[in-house]
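Pasting a structure below so you can have a look.
So that you can tell them apart, the chains are marked A, B, C and D in the order they are listed, and the count of residues begins at 1 in each.
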């Protein structure tokens, strides 16, 4: 009997016991996000058809519960006879990857700049906070729209724009958290014991501000998804031949009268993703910081 | 032998409000020309009301914040610059303990980790932590707890243990028992005094509570709006202060004895805003004995046979 | 008042930065003549138009002459139909303003009372229902909400027009679409700031005076709780403008947003820039308005400003 | 008359006050007992009648005066509101009354100060304003819950003088809640000592300080630095105050009590003869002569 064998089941059981105490809504949200992450990773492996496989014989077939549907295309087909399920999987993958990338880039940039502003102070602080104010004062969605329209279909620019969306929130929050954590008794006390600033940051400030930053990440993620899907919806973000949830919805909008599901199904997926993320974010926030109860 | 600590004409000012494009920020002196001396194994009590600069002074003395003017000499050498290697080494000899023990501990780390932290920082043997815990009356089992699981008195013991691990010569105590209940306060006061006796520690004991001060200190200094207005040996001070403010302070303390009731509180009005202290003698607007000279000239701290006071009218009033 | 002039200075700097940023990004992104003129136009014609629109000059000179023109109130001409760009944009402003104000009204009139109720009856069923609706509300992408509304009310029930403007019926769905998300956010912010205020010591004082629940909420809690809500409203104005573009597209509402989407599609530089300036101006003005309301609500801010001036 | 309610943090003295004033938070409720004001039992009255009775006859002052005043309303407005709610005066009358009250509590230039806001006042001035607010409508009973704890000693003495002065001129009763035995000795006529949610001893102030009967009272008095000789170790009460959710059975003080027996761990001592203890300390040999006091 190895040690791991005797520890393993106990740990798993405890983990499961912890899970069963969660609210049902949170479990549902977790499952849906897990599904979305799975799709983001393995869409190509599970799709029944290639997402751009055109089949003009089978155009606009409805999804399964409706009459005229077949199990060969469970969610039906679009105007060019492309399998909606396959398209949906690939579109969800694109949207998820883009949003994750955008959120992470924005968060890393914002957190780093926030740290620098708080640590260096003086001119650094002024300049970085000036940039933050400027970013917050711009109608960024609209500027992004103009840039994308004029710059054309470039993935790099699109990701850059997504990263610039929301970075200022992280910067402002990080700076505030670091400044207040540094004035906390324990940070001052460690300095008084002879600890170097690096020790104070790494051992004390970072663990204490990580919680609020993670919460901010979960709060920002839904708006990043909405940012991406809205631009694609307007035909400016992800454009054919690639596809994303917003773009599918934008295309489907023209067929509302004959084939409402072309718009409603991708719309539901976007909605459920943002909803799950918001539910998780709320739950995490209360869990990590009970004093923030809102 | 030189004194353990000597501070000369310390001055520290802070900015009031935000600096703007069009005008310079107003500054006020939180500590204004304070000098003090502390011998080994001695306790100097510093008393004053809120905003008198006593907490700022305690940080200046330790070198935790730089002073604008004046200097501090610790054990014959001036305090090194902030955050230098020498400054960090000095931390082994001077320590600060303040009122908010819960805030001084990292909420995420166990008690043991935090008591051992100074030893890790300075590369000292970790066994010292156990000794320190035993010295302050903490059972080893406490080590695995987190700060939120401990009571206020226990937390203050943890903070004291953490300071003791480094075997300091001087501990500055900034209101160490003010947040505690009377019965717990007595426990901590006893602990502090036992440690001083056993280890020969010197204390700078900063508080607003005259009754605790009377119990622990050898000498007393009274601060008012950034200045020391009186300094005296303990017994002499409590038998009769020289400065009118120190007298008012002594009179205002409620004596826990219903047989000694005094119905007349010193009528000295509300304290002024510490950020805008009055000119000349800073106490003159509230002083019942103020004369023209008090309104015109700032009194110096003068010697009166082993005690010092900063008042123009000491001689007349002590008659 | 120094405070006001400082604010104005900041606003001007922000606007200048925005328009400079937009100018350079758009000029660097390609040649408008490639899109506006047919592909087979000869080089001479192309050069003629480039010269006519000042596109042949060095970038720096284009920028300075653009700024100079702006200061004289000249926003340039639309490449597409040679009309004054400002005129083209200005025609659309009332429609967007109508939509925006209606949505803000929806957001405040629904969000604030619900947030207050949820806070006062905290942890009750009412609170849970309101907060669940709020989570749904701000997770709902507004283009999707718009499409759902069109499906239900225009295509199935046939009670409301799906696009265009003119009557009050036209306004209902766009305003609801744009307002819902903000109502949800405002409900949440109002609730959390009310909860904080209700726990303050002065609320206990009001209670010990013998003030009723209604008096306490209206006279004591609301003025305090609305301060952070107003701040949030100011921050969200920019987001709202973005959503307005989407909403206008969904409902074919003839406002600035629709104009913007068509202008970027045709690379109508002057019009796009003019829209940017007007939107940036709107945001700056909105933020100043928020500051004024802020001072009106909170005497601490007011006194601070007087001290600065 | 002044009754002092004294005890350490978490002993339930503030909750007692809030219960009397009817300000308990939603989660709490009065589990039982009677509360009589001028002969009428508040607990037996309907909620509405109780509120009316409270509004007419009692008011409270708390520790955090600056937090107790609404930051967006002027001081005058807040005092005037109290006048209106308690007396039903017109707006103008209430305003005039508010200015008069602010002057009565010793605010210089009350006319101008009434127009200012709490953040423009110092802590001491705010506490004066809170007192003005509390005496609006001439209450019969004033509850001062740690009302001077946050203030500096010199200021504290002046505020206490003010309360004593008002008590005499308005004929109020004062319940004085504090943890500071010095303040009790200086200001109270009668004292109730609380420990872990219960009153453990009740006595005239002179008797209590001269000859405490409950071991907790004695321990408390003994741990005061003022009552020791200099340079001596302070006598202490071992252990810590139990938290309200983990009270020991029987006498709550038993685990810390030097006189505790098995009986103490099992039976809750009843309040009789002014103390709740199975093994009270013997009173001082010569009974303390009760002096007639002039305080009303």
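By our rule, a residue touches a chain if its C-beta (ideal position, glycine included) is under 8 Å from a C-beta of that chain, and two chains touch if they have at least 3 such contacts.
Per UniProt, the chains are B = Oligopeptide transport ATP-binding protein OppF; C = Dipeptide transport system permease protein DppB.
This is a predicted model, so every value here is computed, not measured.
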| item | value |
| --- | --- |
| Number of hops, chain A to chain D, where each hop joins two touching chains | 2 |
| Which of C-D and A-C has more C-beta contact pairs | A-C |
| Separation of mean Cα positions, chain C and chain A [Å, integer] | 24 |
| Length of the line joining the C-alpha centres of chain C and chain D, rounded to whole Å | 54 |
| Between chain B and chain C, centroid-to-centroid distance (C-alpha), Å | 54 |
| Distance between chain centroids, defined by C-alpha means - chain B, chain D (Å) | 31 |
| Chain B-facing residues of chain A, complex | 184-186, 188-197, 199, 204, 207-208 |
| Residue ranges of chain C touching chain D (in the complex, touch as defined) | 200-202, 204-211, 219-220, 223-224, 227, 297-300, 303 |
| Of all residues in chain B, those that touch chain D in their complex | 49-50, 151, 153-154, 181-187, 189-190, 193, 208, 210-212, 214-215, 234-235, 248-249, 251-259, 261-271, 273 |
| Touch list for chain D against partner chain B, complex | 8-9, 122, 124-125, 152-158, 160-161, 164, 179-188, 205-206, 209, 219-221, 223-228, 230, 233-237, 240-241 |
| Contact set on chain D toward chain C in their complex | 21, 23, 51, 54-55, 59-60, 62, 64, 67-74, 78, 81-82, 85-86, 117, 119-120, 130, 133 |
